Amino acid sequence: MNCLPSKHAIHKIIRIALEEDIGAGDVTTASVLQGGEKGRAVAVAKSEMVVAGIEVFKETFLFLDGGLKFKGLATDGALVKKGVVLAEISGSLGSILTAERTALNLFQRMSGIATLARRFSDEVKGTKAKILDTRKTAPGLRVLDKYAVKVGGAYNHRFGLDDGILIKDNHIEAAGGITAALEQVRRNLSYMLKVEIEAKNLKEVKEALAAGADIIMLDNMSVADMKECMKFVKGRAPLEASGNVSLAGVRAVAETGIDFISVGALTHSVTAADISLKIKHGF
Amino acid sequence: MNCLPSKHAIHKIIRIALEEDIGAGDVTTASVLQGGEKGRAVAVAKSEMVVAGIEVFKETFLFLDGGLKFKGLATDGALVKKGVVLAEISGSLGSILTAERTALNLFQRMSGIATLARRFSDEVKGTKAKILDTRKTAPGLRVLDKYAVKVGGAYNHRFGLDDGILIKDNHIEAAGGITAALEQVRRNLSYMLKVEIEAKNLKEVKEALAAGADIIMLDNMSVADMKECMKFVKGRAPLEASGNVSLAGVRAVAETGIDFISVGALTHSVTAADISLKIKHGF
Amino acid sequence: MNCLPSKHAIHKIIRIALEEDIGAGDVTTASVLQGGEKGRAVAVAKSEMVVAGIEVFKETFLFLDGGLKFKGLATDGALVKKGVVLAEISGSLGSILTAERTALNLFQRMSGIATLARRFSDEVKGTKAKILDTRKTAPGLRVLDKYAVKVGGAYNHRFGLDDGILIKDNHIEAAGGITAALEQVRRNLSYMLKVEIEAKNLKEVKEALAAGADIIMLDNMSVADMKECMKFVKGRAPLEASGNVSLAGVRAVAETGIDFISVGALTHSVTAADISLKIKHGF
Amino acid sequence: MNCLPSKHAIHKIIRIALEEDIGAGDVTTASVLQGGEKGRAVAVAKSEMVVAGIEVFKETFLFLDGGLKFKGLATDGALVKKGVVLAEISGSLGSILTAERTALNLFQRMSGIATLARRFSDEVKGTKAKILDTRKTAPGLRVLDKYAVKVGGAYNHRFGLDDGILIKDNHIEAAGGITAALEQVRRNLSYMLKVEIEAKNLKEVKEALAAGADIIMLDNMSVADMKECMKFVKGRAPLEASGNVSLAGVRAVAETGIDFISVGALTHSVTAADISLKIKHGF
Amino acid sequence: MNCLPSKHAIHKIIRIALEEDIGAGDVTTASVLQGGEKGRAVAVAKSEMVVAGIEVFKETFLFLDGGLKFKGLATDGALVKKGVVLAEISGSLGSILTAERTALNLFQRMSGIATLARRFSDEVKGTKAKILDTRKTAPGLRVLDKYAVKVGGAYNHRFGLDDGILIKDNHIEAAGGITAALEQVRRNLSYMLKVEIEAKNLKEVKEALAAGADIIMLDNMSVADMKECMKFVKGRAPLEASGNVSLAGVRAVAETGIDFISVGALTHSVTAADISLKIKHGF
Amino acid sequence: MNCLPSKHAIHKIIRIALEEDIGAGDVTTASVLQGGEKGRAVAVAKSEMVVAGIEVFKETFLFLDGGLKFKGLATDGALVKKGVVLAEISGSLGSILTAERTALNLFQRMSGIATLARRFSDEVKGTKAKILDTRKTAPGLRVLDKYAVKVGGAYNHRFGLDDGILIKDNHIEAAGGITAALEQVRRNLSYMLKVEIEAKNLKEVKEALAAGADIIMLDNMSVADMKECMKFVKGRAPLEASGNVSLAGVRAVAETGIDFISVGALTHSVTAADISLKIKHGF
């Protein structure tokens, strides 16, 4: 199940977004329209994309005006061609015009993320590797960004600082070494979280493994170094490759047999999917 | 003056972003550290970029922990080379580690926007054209996105639906034509806002001009068509080119002598600037 | 269209107002009533007035108790005589009693504003002058205050500091003169906003006009001085009279042929319209 | 002590008011000023008034910019002549200009209320009567409105629905009579609140007294009827006159020997005190 | 009427509680379920209890998912035996599972309070004494805590600091004695609130009575001392016993003939009622 | 480190709690005091207790009035005797009186929880068992409740639904069995969370172990059954005892050699620690 964030969480984002855009009022619509006009709009994919966020798109229109009718014509996760109609909205023309930009901003970002996640996932097909996202999301939009990643076929790393332990080099230094850091964590923390630790080379991987790390992150290693680490670890702990993995390079990393590859670009460098809303006055 | 949004507006964004990332607590830092460790961090540009958001970066650390010391070493708008140190933060190691990701997410997005805005601006140098942003921003982050655009040397179109009138094709259709729409607006609206109207061809440009539009947006026209329109208008109203103008194509558009070119990609398809935080335990 | 503020904006005001009045609970109603009583109430105009805010009145009752039935019997903008029934509310007697004061406070203020705006508008009938409001509104209620002004037949100046440029004497002094201020603004600001500038005498009007001001505000001038300015300007820019214009004096100002007259008293010195709610227990 | 509302309550109002006025930013100030200008401003009474809200005035400037210096030169409750300087503010010129209108809107309303409350209080001097306010306040501003009433020398009735019991005719009807209503209340309610009940004539006053009302409100009675009621009650319960008491008529009511006179106009029909801010660029 | 707090107040508590528990999402439910499963749950009393909060229990489920069906099978105030079914919930299995803990936490606390309040009330049956709660409630939950007290058959003291006057020893000392404190209060305060004052011995009771206290609180007195005070006061003012009155000792206090006995433990030392939710997959 | 929740989280709770208690204002303090009185208060333990929440206690006073001085004299985790002074507060007497109850409500609850957690922990000393809390906390106060548990020497189970997976019987039924549920989870979920599953008997324990559960919860088993399960599992997965474990019975459970014992009563049935504030007027 590609569990969509709760309506509550989605509405919070939509409310902020609509307030930001509308401010004291949509002066254009208010002054040009008489107030009772009806209209119908279709959202159309202007290039090939993986759809993500159709419900968020819908909720944005309905949040502004509960009287609008929304008909979704595509489902999240679908790969659609250019020209496909994704949804129809009908009702108050003024409401459609006022909500248009905010609804598209959310939908285009989410579909853009899903489309890129799908490309990365496709690239590693046939290998054991799972593509992971990171916490490099647009501030305030993480629930949507991470949902879109899953829709695209990739996987979520921890959501935030509270639901996963990732011990980085600075934590290690502060604790006085990998073994000390891992011991310190085990003494203090919820026993329900796995402990992942960063390692910069084989030596550190060895120490992490010996000290009982649940997962080991190979930080910015070459493919050759990754292979060496995997040879040593022999499946005793899952390994994650991290650090500027590009679409061009991801296949080579995946073919090492690594378990996870995390990709910040999935969410920090999004290209919005091209979706347009064509609005008709009257029915 | 590149007026930074108010502290109040910035803090609202930072609060949402930190709450989103920290949730119930930074379990890694809380369990590995003893609590009193001090540290120092430097933010380093990992590639050439236009810096934007150094104050936002600072406020994120200080919002979490008012006891941190922050020293900015670059100013917004500066073009910096790879390797340049942008800022130093010192104080509680735990606070630095907890704020790190959120602070970077904001700073990298803003600098990414400014860097792209600079490239577009540089591209049209020597022409009369000003590069404008759009309302295609990341929901919730518009004040930062639009500020970064200015830092990069481009200009802001209206902030939202309440501070500018832009009559689009659907408004025109609802009003019964360009002339009717413009008359309707003048009857109803604040006399302090200029009225911009969309035109798809020369015929519409002529009607808009005759009906007294303050600005005319040329919607998705070819360069040839733009030239024809300009020839007709002869400066009687400023013209704006709109619709998928790429970095490669922007020069040709600018050379028509047009007044404004709006570019959605400035904010809807951002590539985060590459900035890393190197943290040292102890002073 | 007298565009009413969005439901979202209205509900925000209503929520604050009800929370303020109800606090920990309506102890009178809770202790006297059994809980299931039904009632019916009529809102009656106790003096002649222009109705404004019938929707806000309705939403206040419905916000507290969605089960109430509300029937509006007058429309915003109507001039009603003493004794006219404006609305009927029926349903839970307790809910009606609890919402009563808050609903009336909003409705009476709005109708009071509209009534005064109508009187000013009527006073200038036959002249070219439009009556404008100012930003001297009750903090937190501006969307309602400004809506009521329009209902009364007057016009809105800018909504706030973000949707209009008004350069006052202090701005001028800071910039080093009228010409410098206007140049400075044009360099920095959104091209979609008109620029209004304050002038204290004919000399300043001349400079403002020469420097390209879109609108000129004549600050606290005598009628004679206004006439002189108008004679000079000859329609090259709209002029606005500002500064303690009373109902008694507004006609003389309007007859100069001026374009706009702004009146702070419309919203800063409101006399609530007299409306009472007569409630009946049972149907 | 004229207990000012808590800083927390004041800041909540100020935040809403500033957000409402500033919206996406003060575009005039941002575009005319360079950013570092300093200035000094004085707030001057433009007519005789009772000062109220000097702290609220101060907090508005400081809320926007903690670096401003504020020097209060008048104290709440003082009756000042036209021309008196009430306060000095110095620091960032931009901050002063941006906060100006919001700060004045609050200060002028509060001083307007205090001035009117003083006139009513003065009018009843030498009698036993205390002037009371009502719940007819500007929604969202009740803590300030009620504070200003006290500053002016009048008294507060209950703050809201939760801190006083006032049984009105509809409650009485619902309960099946005055006696039943009072019994019902005593069975159900917090024993710490006094019970006030409305009476329309002598007969109802008698029943209320017999049933143990703590206070009796004489609703819209003539002075003659009030006298008759007082003669009967003979001090066994305090009495309150209510219903459209004007400044002209209040003395006659007070001379009946009544305990309280409540006046809705104190807060529902405020004339803003005339205060202006004169700002100087530089020190 | 056991007036339940407003839906608005209840929803505010529920929203905070659900956000606290769900955070970024119910990961267990999201990963185990497919998404469309239906279920039915029954809430069962696991020991004898007084039911309180059935509406709050219901609203928690409906707040999360408006599509759930809730059927209340017990009413607030009912004393139920172990094994009694209190409510049935049906609809989305995932929603039921996600809301379960939060709904129970609220319902169990409220029923625990009501159960204890009932035991205290039963203990003083046949005497004149009323059991009162205090302000020693769980921060944020006072409206629910105080409602549960009433459901259990005890009474509410003031809700908070704003709806009742209770002069304690420190206030007395600051004012310079009991008489001075009472005079000071009468000069300054809303005439709608009764004035209660603390007395530590008979001498203080005498002074308080002479100075016109409405209610006198006997602070931590022995039963013998209470009797002496009552003998002196002879009903001229109600008396309240306060200070660590236990279930075992309450009868003796009540039999002195005292009017009120306040019991902090009712809300500060709650034992949650034992209620479990049995959930079935499918209908 | 007993990581205290962030100041931000603490302040959110304090703000809600103070608003709830103060409402429209502390009328007693405002009317008895003149406004400038100074005072000093000491918080004293009235019975033996484990201190928890001294910082929260402090922040409550400082949140209301930043000018107060607070001196902590005990540290969280300390076992103190009756009569020990825990803290001193000095400054505005009015502020101390107004904050008193809210500050104590928080501090007493937290210390009550820590004291009980300590008793459970002491009870299992010498065994391998760790005492765990549950999600049965007071809604809105979970961060404080769980912190107090740690201060008392017990351990935290997951914080909420988002940072740990606990598959209960209903999840199992919905998935079609233990094995299916565990497989389903592994397919869908963040790889950073451990998976705990409920088992009602040895058969289920066996299946859970075979299917790779990270932790197994023995739900309401007898000590004998627990022993049998442990004998079978032989340390291959940690085991947790759950279900109404009392202080009297916890030792027997611990002596089975089990890893964890979760105790809902730690937070759902708190007895507030007895702390009083003695306030002196003047220094």
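For clarity, chains are labelled A, B, C, D, E and F in written order, and residue numbers in each chain start from 1.
By our rule, a residue touches a chain if its C-beta (ideal position, glycine included) is under 8 Å from a C-beta of that chain, and two chains touch if they have at least 3 such contacts.
Keep in mind it's a predicted model, so treat the numbers as computed, not measured.
Contacts with chain A and chain C are shared by B, D, E, F.
Two copies of one chain, chain D and chain E, touch each other, and the residues they use overlap strongly: the shared fraction of interface numbers exceeds half. Of the chain pairs A-C, C-F or A-B, the one whose interface repeats that of A-E, sharing more than half of its contact pairs by residue number, is A-C. Averaged C-alpha coordinates put the centre of chain A at 52 Å from the centre of chain D.
Separating the CA-averaged centres of chain B and chain F is a span of 45 Å. Inter-chain centre distance (chain A to chain F, centres taken as mean C-alpha positions): 34 Å. Of all residues in chain E, those touching 2 or more other chains are 1, 22-25, 27, 30-31, 33, 159-160, 162-166, 188, 190, 193, listed in ascending order. Residues 1, 155-159, 162-165, 188, 190-194, 196, 215, 238, 260 of chain B are the ones that touch chain C when the two sit in their complex. Of all residues in chain A, those touching chain E in their complex are 1, 3, 5-6, 8, 143, 159-160, 162-163.
Contacts from chain C toward chain D in the complex involve residues 13, 16-17, 20-33, 37, 39, 93, 97-98, 101-102, 104-106, 108-109, 112, 135-142, 159-168, 170-171, 173-175, 181, 184-185, 187-190, 193, 264, 268-272, 279-281. Taken in their complex, chain C has these residues touching chain E: 15, 18-19, 22-25, 27, 30-31, 33-35, 64. Partner chain C is touched in their complex by these residues of chain F: 23-24.
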